[in-house]
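Next up: some structures, all given as structure tokens.
Both complexes shown next keep chain A, but they swap its partner, so chain B is in the first and chain C is in the second.
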Partner chain A sequence: MKRIYAIESWCIDCKRCEVACRTAHSKSKDPVKAYKVEHVPGARIHVEGDQHVSIAVNCRQCPKPACVDACISGAMQRDPETGIITSDPERCVGCRTCVSECPFGCIHVESVALKCDLCGDGHGEPGEPACVAACPNRALIYVESEGCHHGE
Partner chain B sequence: MANEHADYLILGNSAAAISAVESIRAADTTGSIVMVSPEPYCVYGRPLISYLLEGKTDEAHLDYRPESFYQDNDVTTHFGQGCAAAALDPRSHKVTLEDATVLSYGKLLVATGSVPFVPPIDGIKGADNVFTFLTLDDAKSAGAAATAATTTAHAEGRKSRVIVIGGGLIGLKAAEALHAIADEVVVLEMAPRILPAVLDDRGAGMLVDQLAARGIDARPGITTDHLAVEDGHIVSAHLTDDSNLTCDMVVAAVGVRPNSALLADASATVERGVVCDDRMQTSLADIYAAGDVTQTIDSLDGAKRPLALWPNAVAQGKVAGSQMASDHHDDRFEGSFAVNAVDFFDISLLTSGVINPGPDDGYEVHVYAQGATYAKFVTKDDRLYGYILLNRPAAAGIYTAVIKDAMPVSSFDESFFKEEPDNLAFSAQDRWNRLHRFYPTELNAQGVKECASL
Partner chain C sequence: MLDYVLPRYRVLRDKDECIQCGVCERSCSNGVHHVDTDLGRVTADHSKCVNCQRCVVMCPTQAIAISKWPQVGNGTNNWTLENMQDIAKQAQTGAVLLASMGNPKPYPIYWDHLLLNASQVTNPSIDPLREPMETRVFLGSRPNVLKVNEREHTISPKIPPQIKLDVPVMFGAMSFGAISLNAQKSLAMAAEELGTYFNTGEGGLHKDLERYGKNCIVQVASGRFGVDPHYLNAGAAIEIKIGQGAKPGIGGHLPGTKVNEEVSRTRMIPEGTDAISPAPHHDIYSIEDLRQLIFSIKEATRYTKPVAVKIAAVHNVAAIASGIARAGADIIVVDGFRGGTGAAPKRTRDNVGIPIELALAAVDARLHDEGIRSMVSVVASGSIRSSADIVRAIALGADAVYIGSAALIALGCHQCQDCGSGKCNWGIATQKPDLTRRLNPEIGAQRVVNLIRGWNREIQEMIGGMGINAIDSLRGNRLMLRGVGLNEKELEILGVKYAGE
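Right after this comes the complex of A and B.
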């Protein structure tokens, strides 16, 4: 499967990825409306650090995801075809079991669990996830991963 | 009753059982699978029952797997009343259900979970307003009773009151759920603190205050020794501080024990739970067990005890399923340690591993508290062994990973514990290795394809 990788040496802590993520997960797909009107919950990618050293971190789409195994509601699922892990907001109760299990701190809860869903390539739509498309420096790349096959 | 044969017979229909079916089917698409459970429902997220009563979810969204799961996996089900296993004959490989159905098996998985322990309190036996809080039916009954009692109380011009006996995870979740229905909820906990197994004194003290501010009256160090009954109905409790507390209903949540009687009667080795090897096989041939019914060896302190947690059941079920489907499977249960996540209203509590070390065990304790947040870390020999995070949940799984992977605590700055942890706290090499699994070999660390010649 294709995965998002962060390239630390090109990251300048501009947080355009965070803006693009929240916008992509809004109804309007407009950043101002997403932030000011819809109050879309926080980004599913997070830039750690400062302008000297920084890195954007989001879900690693683990082949054996601890968050999925731990989920008490069945909301957190890994698609056996695409390998993409998503949480169904209709079923999630916000218990944070996934937060206690994610080794990378990539799930946060605002009423329900929020995580990267590899948007853009999710539901049969071709294209790069919004954060990757928005990165001005190729500090986020979306490439075919190696050594990890479907169903692993 | 007719005899039926299953290549794989599974007693239970919750986390461990479902996970086992999925891993059996990954290895064997044709062997017959029969599942047995006294509960008449499609598998549901058992811990969701409190959220159901609070209205945070509804019955349509309780399903842990879609209703088509059984058909999709070619599973025959015996669900509902009469479908509890009553007897097991390991020699003839037969299980008899309460309704006298006889099922023969090739391999058997016992994933019967735990059963509530009802304390022998004077007056509790036979009363019509005592409830347990473990199953969907328990929750529905308790919810309906609380609603009826509250309606009656209001008609009489008074407030309704629920007494929950037991201030563990189940008792407090029941209290939160019934608080959405009844006017007053009082939780009695015999131990000197609430959540005795997953919190320490200071954290529990803070949580008692936070619960009180949200309408739950939790009273550690107090229990009831006598329940006054009128016409089969508990009307008040005499407490161990010699006070009396009137009530409309009682929830008994003092604890659970593994539902292991079937295996014990069949002479399987049962200690605090069913004893299994790392293939999840019991002491009996062709019989496996997984989930709350088993006893696990804590990978942090070596203690042998049931670890009645959802993720543990999923992990054990997975191993049991692979082993049942193939004798040569290399999937092993690698041991486990406690990771608890629980929320009460807007309060979050995450705890893991060793949280109450003895004074002579050589552990160090590091505490960071501010306002409503409380963080405690337990370390020893440059390793993290446990944490408590009250109202500071962000990125907690990073700590869980540090425990699991036995990473040296000295490689992190104090801010890693004092504030929410991040990935930058790891060395550049560790960070790359953690975040770049399956990275394409043709790209360098700058994300560029290097050319041999220009």
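Right after this comes the complex of A and C.
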């Protein structure tokens, strides 16, 4: 499957990916409305570090996801077809078990678990996630993953 | 002491659009923007803004625009706000005013007074989409007469070394030190893909770029930084830099703060020391001395590589070019006064030198008159802004052109003219790792390749319109140009007729 890869050497800590993520997960898909009217909860991708060293952290879409195994309410699911892991906000109880299980620190809870759903809503290539399309320096790339094949 | 210098720009922020995401704050190395949580809005320190427009481009909601500082002058043409601000700066610091990029003063831009010809009825124009169109150029010395032995399939005399350009554009000298390694690497990768050349400038060739040697012109300037036999042989050609259009008559000064470990190793100078290029080459005080250096370099490279000599366009440029041709140079580079620089004294940048259009026309005419034009190739540089400028330059007699500023603009440069500060927000004219990282050479090279591909297509369209199918047939073909808004003397020097003639 295609995954998002973050490349530390090109990340410049601008956090445009975070803005793009919140916008992509708004109803209006408009950044101004997303921030000022809808108050969309936090981004599902986070840039860690500072101006000198930084990297975007988001879900690796693991083939054997610990978060799915750990989920107590069945909200966290891996789509067997696409391999994309999503959390159903209707079923999530916000217990944070997934947060403690994720080895990469990719899940955040703001009343419910928020994680990357490989949105494919970007304005770039067809199917490109919004954060990848918004990255000005190709520090986020959306490519077929090596070594981790579909269904693994 | 209270600083009397006024801000130059004012940051306009649309409060309705601003989402306080902080992208602008993190994008600005000058510390202009600040997300103030107490005030609940983003503030700006206008005095620090240099108008590089990084924040404008990066802002996800297009909430930012930069405007001029609204302060008006006192209304005189003489004591303009700029003149008074320059005095205020020098009264504050007692220093020489430094500036970057090309001469911004409103001197005539002759390119904009030269119009191109096109075929109508009597000779057919050529459609480059349907017919072959040659934009390849060879640079180097050519023999006056070529004898062909048809029986043995040989030619004599032996053709001197030449370099082949698939497009009539090269990337001008910009040193590692003045620009970042990522910027130079972008140009190197683009040159390789386009089949043309980038120029190391006077800062040596970084070891990571040696693999682009066949697309590289290595420069030998008065500081001789990074020059050794390995360096001379690493490139496809060698360029001796005598002068630079932006600052004729003076050398260079790379401040020690920019000389980090990598720059130090490449330039072969101690880390943190100022890299000072003397105004003259201390071994060149005559054409004969120049000839010695040219042939020393030819010896060092076993006569396998052409040697170029780059001079700034100054008053006697044609006579100097003639001397350079006779000194044995294979290529003469003439750099006009609008050419860019990483840093130059402002008064030199703004007042010294002559326009490239006049210099180029004078050099080409002089070399023709003396019957030595084929001994050298002529490269024009100093603010080539578009493909139309290239067509005009070639029609005025250039074999090819160098672009510097235009290539940097493709990389993201917005001509803010603050290169000297070392805080380039686009990762170009800086050595700070957090800033150089902003220029991913993969993207940079792609943008430059796109630009030159577009320009080359436009060149083909324009010369095809003239009924010409090879750039060689345009060279020095001044009948393809007509002047508008020029006086008789200007037309005479340019060697073109007035529109309607």
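Here, the second predicted complex is superposed on the first by the 146 of 152 C-alpha atoms of A that agree within 3 Å, B and C clash if a C-alpha of one lies under 4 Å from a C-alpha of the other, contacts with A are read in each partner's own complex, and residues count from 1 in each chain.
The rule is short, and it goes like this: contacts are C-beta pairs under 8 Å (C-beta built on N, C-alpha and C of every residue); 3 or more make two chains touch, one makes a residue touch a chain.
Because the structure is predicted, anything quoted here is derived from the model rather than measured.
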| item | value |
| --- | --- |
| Superposed partners chain B and chain C on chain A - clash or fit | fit |
| First (chain B), second (chain C), both or neither touched by A:Pro89 | neither |
| Which superposed partner A:Val57 touches (first chain B, second chain C, both, neither) | first |
| Partner chain(s) touched by A:Ala66 [first = chain B, second = chain C, both, neither] | first |
| Touching partner for A:Val109 - first (chain B), second (chain C), both, neither | first |
| Partner chain(s) touched by A:Tyr35 [first = chain B, second = chain C, both, neither] | second |
| When both partners are placed on the shared chain, which of chain B and chain C touches more of chain A | B |
| Touching partner for A:Gly49 - first (chain B), second (chain C), both, neither | first |
| Contacts of A:Trp10 with chain B and chain C, given as first, second, both or neither | both |
| Partner chain in contact with A:Ser100 - chain B first, chain C second, else both or neither | first |
| First (chain B), second (chain C), both or neither touched by A:Arg138 | both |
| Three-chain overlay, closest Cα atoms of chain B and chain C, distance in Å | 7 |
| Footprint overlap on chain A, comparing chain B with chain C | 9-10, 138-139 |
| Chain A partner contacts - residues on chain C that touch it in the complex | 16-17, 19-23, 26-27, 58, 60-61, 433-434, 437-440, 442-443 |
| Contacting residues of chain B [partner chain A, same complex] | 19, 26, 45-48, 51, 56-57, 61-65, 310-311, 314-315, 318, 339-343, 348, 350, 352, 393-398, 400-401, 404, 420-424, 428, 431, 434-441, 443, 445-447 |
| Chain B-facing residues of chain A, complex | 3, 5-10, 48-49, 53-55, 57, 60, 62, 66-67, 69-74, 90-91, 93-105, 107-109, 138-139, 141, 143-148, 151 |
| Complex interface listing, chain A residues touching chain C | 9-16, 18-20, 23, 31-32, 34-36, 51-52, 134, 136-139 |
